[in-house]
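Below is a structure I'd like to ask you about.
All chains are identified by letter, namely A, B, C and D, in their written order; residue positions are counted from 1 within each chain.
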Amino acid sequence: MTQSVVVQVGQCGNQIGCCFWDLALREHAAVNQKGIYDNAISSFFRNVDTRVVGDGVSISKGRISSLKARAVLIDMEEGVVNEILQGPLRDVFDSKQLITDISGSGNNWAVGHKVFGSLYREQILEKLRKSAEHCDCLQCFFIIHSMGGGTGSGLGTFLLKVLEDEFPEVYRFVTAVYPSSEDDVITSPYNSMLAMRELNEHADCVLPIDNQSLFDIISKIDLVVNSGKLGTTVKPKSLVTSNEGAVKKRHKKPFDAMNNIVANLLLSLTSSARFEGSLNMDLNEISMNLVPFPQLHYLVSSLTPLYTLADVNIPPRRLDQMFSDAFSKDHQLIQADPRHSLYLACALIVRGNVQISDLRRNIERLKPALQFVSWNQEGWKTSLCSVPPVGHSHSLLALANNTCVKPTFMELRERFMRLYKKKAHLHHYLHVDGMEESAFADAVSSLSALIQEYEELDATKGMPVQDVPRLSVAL
Amino acid sequence: MSIVTVQLGQCGNQIGFEVFDALFRDSHSSQGLCSKRENETYQASCKERFFREEENGVPVARAVLVDMEPKVINQTLSKAAQSGRWKYGQHACFCQRQGSGNNWAYGYAVHGPKHEESIMNLIQKEVEKCDSLSGFFIVMSMAGGTGSGLGAFITQKLQDQYSSSLKMNQIIWPYGTGEVIVQNYNSILTLSHLYRSSDALLIHENDAVHKICAKQMNIKQISFRDLNQVLAHQLGSVFQPTYCEDGSLHYRRNPLGDLMEHLVPHPEFKMLGIRNIPQMSENSLAYSTFTWAGLLKHLRQMLISSAKMEEGIDWQVQPPPSGLPPLGKVSVHKDLHFNTSIANLVILRGKDVQSADVEGFKDPALYTSWLEPVHAFSMWKTQRAFDKYEKSAALVSNSQLLVKPLDMIVGKAWNMFASKAYIHQYTKFGMEEEDFLDSFTLLEQVVASYGSLGP
Amino acid sequence: MLGAKAEYLLPTDCARRLVAEVQGALDYCAERQRQLEQSLRVSRRLLQGWEPARTPAPEPETKEEAPTPACTPSAQDLKELEFLTQALEKAVRVRKGMSKAGQRDRTSSLISAANAATSGATATAHSQAPSQAGSHASGAKSTKGAQKATVPAKNSPECRLLSRGNRTHVRTGAQATGSGPGLRDQQMVPSAVSQTTELFTLKEKGTLLQLPVAFRKAASQNSRLWAQLSSIQASDSTDATRAAKTQFLHKLQTATGWVGHRPSAAEVETHAQSLRKACTLLRLCMQKELSTAPTDWMQEYRCLLVLEELQTMVGQCLHRIQGLQAAVTEEMPPLCLVEKPTQASAPCGGEMDSSWSPEFLLYSSTKELQTLATLKLRVAMLEQQIHLEKVLMAGLLPLISSQEPGGPRWLALCRAAYSLLCEGGERFLTVLRDDPAD
Amino acid sequence: MPGAAGCTGRRRRRVEGAAKALPEAIAALSRSLPAGPSPEIFRRAKFDRPEAAPVLWQLLFRVLLPLEANTTLTDLAPETQARVVKSALSSQGYPRSALIQFSEGSSQGSRELLLALSWLLARGPLLEQLLSQTRVQLGDQLPQYEALARPDPPAPHVETESPVDLRLVEWLMGKLRFRWRRLISSQQEQCTLLSKIHLYTHGCHSQQSLGHLSVAETDMLRDPESSQQLLRTLESENRRLEAVLEWRRGELVFWQWMDTVLEACSLESPAVTSQPTVLPVISDRGLGELELVKQELHALQEELQEAAAPRRAAWETQVGGLGQGPEWSTTRKALREAVKQELGALQRSWEPCSSPDQPQRPHRLVRSEGESPRPKGLQAAEMIRTLSSQEACLKKVLHQLQSQCQQELARLAGSLPGLIWILAPGH
């Protein structure tokens, strides 16, 4: 069994991380009734004998003594991390996993990347190494950060390169939260643009998340929950946004709810690697199947169902509905419409009481409405994990490598260009040591090249699928 | 003679378990409809082939379990232990922590060489426990990474190390609509490598088995376990004991050898498909009666019309009139669906088996022009009924049945290859585009060779 | 999928020859296989449990016994089965002339089997009883008296080995513990009657076996006689006899008016075989010589001598072949064609120094025995393969060169020939069209 | 007078002895032959009496029949049997044509038959061969595979009237490969089982040097009934062996007697000197075989010529006048001797052994695990070494043939434009 380490950077990253650990604990608690430290738990948690002073000795077998998250928490201001340390999750972390500063990055990518990057490089690396040592088979780093701010986008993407150099065998999955267009951080287009280039070059997979989409989903749920229509009573604790666990609502909604969605995404993504199922999907299968060309590694995700109704008598249709919803525009975690764009590849990670025939039926049902690239007409990757999320009987995470991410990137480029043409706020960046103006141009051309690749693929959409002439055997 | 089974990857391990369980259950079933003595001989024959006995008397499957991650193996071991009837050997497993990630190259070029010694040692230990080794049965899927990549690697090593033992690969053909995105790459790499190192490729298509579950077995919500049980039933119907020859009372000792000698001597034709009949839910079985004539008539039509199961056979398809040379394009339309065989093996089990008439399978029109029925057809039988069927028939066929799916896979993989998609995932583990080309070349020839069999 | 016609039909005479050759090889292998399997069956039976008189054939009774399709045999069926089994066993018992013996406990019965064997042997051939058998006997001394009473009297010692006592005994043992092993499907075991579980295996009690005296006598006489035969042959009784035989053969020959010698088919075959072998060996010798680089001129000279001597030898072989061919086709008058006397012209078997007595072949482990046997077979197979390779070469290569290259028929021929001739038929090659489209 | 009486008594006894010697020898011969006829038959045959003919036809049939065919052919009609006998005799080179001319099934020629039988007896150790063919196998042997290497003349029943596609030949060759492999695995099993039986019966054999029982012996112990049977066959073999020994001691008188038979024969049939009507049948296959070898030898000769001639020339120029001294001439002589000897040994290894009919000296497998007093005999390890080098040698030959074919095919196919030949890579 493999292990993963979560690296949460910046305010956003740490808030999501916090929700993630809370949910992860709840999920394992629900599955693992006996309190035995098993392989599934070991993928995200260490079992530590706390009676031993100092570092704590890992226990590989037997009863759970004290669980420690396989995580490194990084923030350049103290607020969020301190809250975590004072909150109910405090036992899951210890101070050796934290790196904080007090000054903050001032919403400046360059400060996060260049200043704090070089300042904290060794220290961060030290913590990462330590966490890696605690794993017998480290498979993946999950890096969570926002794109708009300074610390997350700057230091977070700085880390990617560090990880690539230091742990070339270990996958780097980035959960990147993109700013919405009404983002109040004025430099967010710069930050996002500069971060994009790093993601392009150093991440294995990026799960782009967009605040606006999260917000829309929450509104949609609220509508259902509050409508009180007959027969639509939502089963308690089944909301994808709910969090009845340890973290008390310091931040009032909607942030908490939004973060929970992302935390659920990560749990589902890793579910098949952690729990048993009739069709396993290891983390290394994700990039293998979904990334046809090294740079096209942005995966649009959708989680369904968003909630489970309390009435248990109507499941079959709901099961098919779950699949349909996963492809609809308003269930995507970014503003995108995969159904009207071109699929390069698609993964369906199914959890709970769903069998292979359900999966095949729905693929066959949905396939005609979807457009796949000519050389990957059957581009499906599937997995069946027998353990559903807490509160649900089944769930689905769809990951799409789809040209529908393109508009997000184009919009980003537009917003960036608007600022960049005026050279607005540019000096904040340029006075940072090691930062040069060419970085901006490089970032633009990097993103443009990416957009271009999507464009070319998009252009093949709707064209009749033609077979390439094959080798011709004489006899 | 014994067969050592090597279960590889998730699919291979899940299926391997069901196969052993099916074999064991059948040979200890009370429904064999034969004398106790005969039943004992049957049981002993099955046991010699697939199980050995440990000191405490519990039969142990002659199997080696290999996977690159522990979950499935743990699950498989505990399922066998829970059955209480048989189990796997205590030290017959090999697993690692991290799977091959659906990457054939990773399984073949990284895991393979790295773990070769340990795995081959395990296999050797199992071999040494056989008084006589007939060969290896290697169960794997061809879509994933461990089963396909490591499976191809291990088969090759077995060929090197046990060159005179037989190697049969049980291969699971992925769903046509896709279950792993790089399945076509993985498949062509697997098939082409096995074509070089294995003696026979026994192929099961997930689509076909799925349909059998839905249509014949009437299962509403089909799980992998259902699929695997159908598959295990089919394999059991082939590999459970049958008599040596007509009128003999001895059970065949080396079915693997007999089968291969009959079906796969030609190096270009190694793909085998299984059909069997009847196959139905227990509920329907209670209301059904069978005659040999009826079963064989259906089975024959399944063969010539490429039907994968009894339901929905196309009765229009008929063999081309024999003796007459094909006249231009006259019969092309009709023959389009006709499935030409190279060689067939029919296995009959159950009541009154001596009365079964298999003349219908000896029609030269069923076979390719260069092989006469005397070379191309053979039959095995036993009075002992199989599973819960009073009479049952299985057909192992080396025919054009699989050329269409193969052609599809090669075509799809070629399309992807032409766009260079996913190639970087393979080259990072030391494969080269040249390796892909070699695989394509070989399989294009196989497709062409099977294609040229027809009338 | 549209393959061009990949057929290549062989000319009739070539086809007949090739198919006949391969078919001959196939038949031969099948025959050897059959023989091996027969002896395997015997060996396997020996290693299974030794239980007396169990008819191995399951077949005949299947029909009567076949239970109703309702899965479990009815009570009636069971009863009948039981009677049938009893009847069969009784018949066997009578046939074997075995008497029923009293019941004893299992272990003592086994010891008594050994004991009986030993005491029987000492009675008839005291002096020959090997020492370890004696020790077994003394080991069982404490219960000897009791056993003696139950050891059935035997008129022929060789029947003694499996005494009736054992058999009865174990059956009761099984009855007592019949319900024990949970794995046994009770439905399949309708009654304990037929539960004759194994008495013992060779592994457990093999070292207690004793060859019957009468057999030992006959066997030693047999080997003595063969040895005598060998020695008499070596000396071939008298020169007079040898001369008489030679004279007889000579007279017989001259009486027919033949002066020379015409080779018989058997001789031609023998010669052809030895020449074939010669050819192979000469070639190998040449290669060995050519592949070693001489370091000094002495060696070079030696090498030269070898090559020249080889040339002479090849010449002799060719001469021999020509002689044979001529004699056979009678282009030449009968001639004395072989300088060396061969078998047919050897007057009698007098000069043979071979022995008819078997020689011991000593092996130390299963592995070694396996290696030996496999190698032996491999060598034979390689010889066969080389022969077939030559036959195929002679059949196929002329066909290829005599035909217009290109065209599907020619390609089919080439592909198949390549596979057969260059790859031992195990691999094949692909011929691709070099399309500009690609 | 006691002395005189003694003398006459002795002489009479000698005369009586001589008179009795012939019938005794014939009786011994008769007992040594399988299903031997009564001695009276021989006497009648001398006078060419018809009633002796059928018996002798049958006897010759049994004597000449290849052992393997025994089971299937014994029930043949007398005419067929006679035909088999004739063809067998002629293929072995029996010189007299008179026998061949008799129509099948007639009762003519019992004397000729007697001559034929005697011819067979005079040629070699026929009786011993017959006995060894049916010899009771008490020990365990490794199977012999001589004939595998030399496929017997193909079965005549192969009728290939319908055209044969080359793929059928590939198919059959593939089948053969599977049969080879199956033989190997069966033999491996046989070895395992033999070795187990030997191990488990360790110390059981009455013959100290053997130590353990063989399969036949163990089987006999397991099944008392077969034990009786084995004993009976062993005893009857012993009786035949005794008869052969007796025959060997007294056969001289038989040959003297046969001279008179032969005389009677040639007196009566002087016409036999004419050409035989039936020529020895030498199959096309045999001739084809010779032709094949001939071609190979020619090729070899050329190669040798090409290799040796330039070397000789080079050597001559290099050595020049150097090689004149007496020292050199002795060295040269020694070298010549050595080479001659070496190659002489090579030659002997392919010359037909003095009697190809005689099966190799039988081996009895004995398991002996490092005990101090190892019984005398061949060591398996020794044999393995010989066989391995033989195997390596043959492999080389095969590979050479294959690469020869490869070159030839490449030459023939290489010139074609527009085609690419691709062999799947090995590993």
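As a working rule, a residue touches a chain if its C-beta (ideal position, glycine included) is under 8 Å from a C-beta of that chain, and two chains touch if they have at least 3 such contacts.
Predicted model only: the values in this text are computed from it and were never measured.
S.K.: Tally the contacting C-beta pairs at the B-D interface and at the A-C interface, and name the larger one.
M.R.: Of B-D and A-C, it is B-D that has more C-beta pairs in contact.
S.K.: Which chain's centre, taken as the mean of its Cα atoms, is farthest from the centre of subunit C?
M.R.: A
S.K.: Approximately how many whole Å separate the CA-defined centres of subunit B and subunit D?
M.R.: 46
S.K.: Just the number, please: Cα centre separation of subunit A and subunit C in whole Å.
M.R.: It comes to 69 Å between the two C-alpha centres.
S.K.: Taking the mean of the C-alpha atoms as each chain's centre, how many Å separate subunit B from subunit C?
M.R.: Distance between chain centres, rounded to whole Å: 33 Å.
S.K.: When the centre of a chain is set as the mean of its C-alpha atoms, what distance in Å lies between subunit C and subunit D?
M.R.: 16
S.K.: Residue numbers in subunit A touching 2 or more other chains?
M.R.: 471, 473-475
S.K.: Give me the residue numbers in subunit C that touch at least two other chains, ranges are fine.
M.R.: Only 3-4, 6-7, 37, 40, 374, 411-412, 419, 425-433 qualify.
S.K.: Which positions in subunit B are in touch with at least two other chains?
M.R.: Counting only residues that touch two or more other chains, subunit B contributes 164, 196, 267, 369-370, 441-442, 444-445, 447-448, 452.
S.K.: Which pairs of chains touch one another in this structure?
M.R.: Result of the pairwise touch check is A-B, A-C, B-C, B-D, C-D.
S.K.: Which residues of subunit C touch subunit A in the complex?
M.R.: 3-4, 6, 408, 411-412, 415, 430-433, 435, 437-438
S.K.: Could you pull out which subunit B residues touch subunit A in their complex?
M.R.: 10, 14, 69-72, 75, 97-103, 145, 175-183, 210, 213-214, 219-225, 227, 410-412, 414-416, 418-422, 424-425, 440-441, 444-445, 447-448, 452
S.K.: In the complex of these two chains, what residues of subunit B are touching subunit C?
M.R.: My answer: residues 28-31, 33-41, 57-59, 85, 164, 196, 249-250, 253, 267-268, 351, 369-370, 383, 390, 403-404, 407, 441-442, 444-445, 447-452.
S.K.: Could you list, by residue number, the parts of subunit A that touch subunit B in their complex?
M.R.: The contact residues of subunit A facing subunit B are 1-2, 39, 136-137, 139, 276, 278-280, 282-285, 287-294, 345, 347, 355-358, 360, 363-364, 367, 374-382, 384, 467-468, 470-471, 473, 475.
S.K.: For subunit D, which residues count as touching subunit B in their complex?
M.R.: Subunit D reaches subunit B through residues 162, 164-165, 167-168, 170-175, 177-182, 184-186, 188-189, 192-193, 422, 424-427.
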